[in-house]
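Read through the structures below before going on.
Each of the next two complexes has chain A plus one more chain, namely chain B in the first and chain C in the second.
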Partner chain A sequence: MAKMNLYSRGDKLFVIANMVLIGIFALSTLYPFIYIAAVSFSSGFAATAGKVILTPVDLTLAAYERVLSEPEFWRSYLNTFIYTIGGTLMSLIIIIPGAYALSRPQLIGRRFWNLVVAFTMWFNAGMIPFFLNMRDLGLMDSYFGLIIGFACNAFNIILLRNFFESIPASFEEAARMDGANEFQVLWKVFVPLSKPAIATVTLFCIVARWNGFFWAMVLLQDESKIPLQVYLRQIIATLSDDEEFASTLLTAPYSVETVTAAIIVCSIIPVLIIYPFVQKYFNKGILLGGVKE
Partner chain B sequence: MQKKLAWFLQHMRREWQIYVLLAPTIIWFILFLYKPMYGLQIAFKDYSIFRGIAGSPWVGFEHFQTLFESDTFVRALKNTVIISALSMMFGFPMPIILALMFNEILNQTYKKTAQTLVYLPHFISTVIIAGIVVTAFSPSAGIVNTIIGWFGIEPIYFLTKPEWFRPIFIGSGIWQEAGFSSIVFLAAIAGVNPSLYESAVVDGASRWQMMWKITLPSIMPTIIIMLIIRIGNILEIGFELVILLYQPATYQTADVINTFIYRQGLQGGQYDVAAAAGLFNAVVAFVLVMTANTISRRVSRTSLW
Partner chain C sequence: MSGVVLDKIVKRYGAAQVVHGIDLQIEPQEFVVLVGPSGCGKSTTLRMIAGLEEISDGNLTIADRHVNNVAPKDRDVAMVFQNYALYPHLNVAENIAFGLRIRKVKKPEIAKSVSEVAEILGLTDYLDRRPADLSGGQRQRVAMGRAIVRHPEVFLFDEPLSNLDAKLRTQMRAEIKRLHKRLGVTSIYVTHDQVEAMTLADRIVVMRDGRIEQIGRPMDLFNNPVNTFVAGFIGSPPMNQLTAVVEGGDDAPFATLGETKVKLPKLPQLQGQAGRKVVVGIRPEHALITPVDGASAIPLDLDLVETLGSEALLHTHVGDTPFVIKTETHGDIDHLYDVDKVYINAEKIKVFDAETGDVFAHPTQG
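Here is the complex of A and B:
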């Protein structure tokens, strides 16, 4: 489509109008981030008075000084890395072998095992039984519980299984001739050939872990174990309700808004750093593999 | 029998490694997704923590009766369907329109840059989204009130106004997901046979016409699949964002089934009633997705499985 020549004046007008509209949409997607960044660098007074629109007003680092001086902030930041890295590794360790086994034709009951996995996409016991189960398993309030409890899901397994199934048998024949067992075939043939699909699944795991807050909030009681997202929620909730804090604002160089904005900026930065590296995997149509079952 | 057993043993001796690879996945699914299904029986029991799931006495459909006699649950059910239908109405066409528009951009750098920007919010945590919304709509400091102030409108405390909850919730959902959801449709567009466009150009078709007459019909199967998934998930609302944005003042328009379950069960400790609400939710969702799929198979020969 892109290579085609423009045909008429109508086409030209259409293309230009389209570019302008997309531009507007893209900028309005971007705007909230710019706004939040501007608020985070503004003085509390300017932010509270609603003076910040596009750029910082009374440029100051006061909100960041307040946020970065809280040990709880650093603790929760570290926790988020623990959950994200630990959780993603745990997911891959379970999902890759599982998807491989489910893709093998010689597996007895293959249809049945695939159904066991796929059924959970259509029917789910729900929040309460899942919660009670986690409690019965003794997985409340622990790093391990949060990591293992959300390690798998049907979508990722099916996505990867479909990719494994699409790899022609000829690729593994040479390895079989050399007497490779299943573990070696998976590790030396399938994993290297499936890099884009594994990268996609890894990305999904990382995003889910980095952003997850609900179950962390529900399952963790110990303040020293909470991830950044739960900490941020607490800050937003307590700051805005805290009369005492509100009264100190008259003298403080920061406000509820600037502190919240500063935490948001700190939390988004790692996402922005890895975003360009993973972005190239989005457009490959791999996503469809999972959707089509 | 003997023969089958011998064959099975031989198979296991040769292929045991596959079962070793499969075991962690199956064990995980049983432990974390199927065991809770066993626990669902508390929806029909007078559950007490001390007696446990198996030991609690049966009460039949009592909890379901309680639910449907409770105004709060009925309201949550109504809100769920309304919010879901509204976000489908406004949210579902957006990614399709975006994909069609992206496809018409000739300058690749411009296209890539715009895509990078609109995909980004998908990777941002719900808590952050809520933080942005709370800041932007704040009565004193928020940009929204600043802007309406230019037109002489008094500041509005949006997040305490029931009539504003749904527009804000649905709007932030579109802002977050419309871009990323367009990927699926872009992938479908990439699969359209180029010769269709070539012959259309020969016939003197404009780009606008080609978009309507070739691209859109070609991606119809994908649109239908996505619509089925969406309808099947009509009871699934991004309730994390609801929990973060709603407050007692807006419950009347904001409270959905999952937030109801969260408050009743996890906060209020009424596990059995909350589990009943969850079971109702799950069964209706299951029926919906199966029905949608059957209809789609009949109508268009496009189905999920």
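Here is the complex of A and C:
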């Protein structure tokens, strides 16, 4: 039997054009990763001379040996984990109940509070007032300051609020009839039903915290508390300013570029490991079967 | 005792009043069905009893306890929702146990209760399944299990069968009836389906526009509707209603339906009322296709014959008004196409005031 052709020529062209565009976009996103990895495994001279394009040139682990032998690297790596895990947990503790409250029709002044939260997405006090605020609250140069200072994020609250609003009211009513109070409704019903949205918000928080650079640089003076991103900046500055190191450029097994690339690769690995675990929640259908549509 | 008393219950949303001072006394162990068209206030009334809607005015008493300001969880009522509202992340056992776990009942006791309920509802083999892996009927049973496991004073059902197909609905209807018989818990059931109301209820409450039109036992409502609304709502197909004018003397009142004079019952309210506009109500099952002594015969043209198996519906019209006859087929419908007259016994006719829609009740009906 002849195969039925469900697609017109125009449809096929459209699909092909989409595939080509998506392919180009995917490659343009992927290439920086490949390039950085290739540089990190190349010799210092090859990287500095711009010989590395796609694969490592003069394959070597020298940059990694240099980076991994630094105690400061491990210290800053640990700090980044502390800021990321602590900050993400703190964010979720604030965002989840906040979003739930804003999603409830019975919240007194709901429209006003939603506006107040949304307002901070468009306007904020600015860098200097925020810095002064942190200073006056005694949150400078501390783990806690960096964790609590950036815990609340209006975009994430609104994202989660919208998801909570999409959950049928009958779940909440059923839980209330079953004897649940507001906190139990939230933690035993809404949170499990919102895993995809919470996973998304969690990933946003993790990435924002992991990549957090500017405020860590501004607020932290104590070298032992700086995260990896600030350490990366320091090592670039240190090696660039090191005249003795510069004179050995042609013979040294690593360069500023390869060391930078090696640190970047090290910093990317945890995110790459976490993503597949979070990704499984990025699916619809968690509400399937609970209510009859 | 676990009765429920609604005393002048009112519900307002801003300026709009949707429930207008309902008075209703539900006896312990009684099965009461609130029935009416969409927007009549039946679900709102149920939700006020559940505590999911605030009561704007009036008093609500459950088991001799004034509960207007009592939270839903403390009213000792359980509700079965129209859309099941099962927690999709929990399996059947966890769904049934949810309310007990919230109330911090001890684990062995929970396990025992869940197992008992599963046994009653035939869910024992499905306890490990998630709602998504269950059929519609099984999900509805889980929803009921979640309600009965707590042994509440009152069960509330909000159109629980409306999402099921016809066959399953009939089956579940019987299960609910059986369950009520077994547990003897006061139950309030909301539906827009008069068949469900007739089959399940000890008493039916017919509602319209936020008011109670009539309260009574199913057959009382069927036989003695208080107005044209109830007459049209209870019974399937609904009562034929034909507008006419009272004619003749007090001893032999009649009305002209189409071009035929049809004898009316001798009601005291019709005495001296010649010329008064009325609505003549005839149940489809009271319109006969075989001659009966003393019955009025109305000639008719058949529009359509609908076969239901043991019964058939003959669609015709009297004047311009559609008229339906319900008759038994006795296994053959060919003879139905030859029907050219319908016979109406005056005693089976209901007469309503055309202006108010209220029935002219027979004196013995009170």
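Everything below uses one rule, namely that the second predicted complex is superposed on the first by the 243 of 293 C-alpha atoms of A that agree within 3 Å, B and C clash if a C-alpha of one lies under 4 Å from a C-alpha of the other, contacts with A are read in each partner's own complex, and residues count from 1 in each chain.
Basically, a residue touches a chain if its C-beta (ideal position, glycine included) is under 8 Å from a C-beta of that chain, and two chains touch if they have at least 3 such contacts.
Keep in mind the model is a prediction, meaning the values are calculated, not measured.
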item: First (chain B), second (chain C), both or neither touched by A:S170; value: second
item: First, second, both or neither for A:F131, with chain B first and chain C second; value: first
item: Of chain B and chain C, the chain that contacts the larger number of chain A residues; value: B
item: Contacts of A:V189 with chain B and chain C, given as first, second, both or neither; value: second
item: Contacts of A:Q229 with chain B and chain C, given as first, second, both or neither; value: first
item: Which of chain B and chain C A:G179 touches, first, second, both or neither; value: second
item: Common interface positions of chain A, toward chain B and toward chain C; value: 181, 287-288, 291-293
item: Chain A residues within the chain C interface of the complex; value: 168, 170-171, 173-181, 184, 188-189, 192-193, 286-293
item: Interfacial residue positions of chain C with respect to chain A in the complex; value: 50-52, 71-73, 77-79, 81-89, 98-99, 102-103, 130-134, 136, 139, 146, 150, 163
item: Chain A residues touching chain B - in the complex, by the definition given at the top; value: 1-2, 4, 7-8, 10-11, 14-15, 18-19, 21-23, 25-30, 32-33, 35-36, 39, 47-53, 93-95, 97-102, 104, 106-108, 113, 116-118, 120, 122-133, 137, 148-149, 151-152, 157, 181-183, 186, 207, 210-214, 218, 229-230, 232-233, 236, 240, 255, 257, 260-261, 263-264, 267-268, 271, 275-276, 279, 282-285, 287-288, 291-293
item: Chain A-touching residues of chain B, taken from the complex the two chains share; value: 8, 11, 15, 17-19, 21-22, 24-26, 28-29, 31-37, 39-40, 42, 53, 98, 101-108, 110, 113-114, 116-128, 130-132, 134-136, 138, 140-143, 145-146, 149, 175, 179, 183-184, 186-188, 190-191, 194, 197, 201, 204, 206-208, 222, 225-226, 229, 232, 240, 243-244, 258, 261-262, 265-266, 271, 274-275, 278-279, 281-282, 285-286, 289-290, 304-305
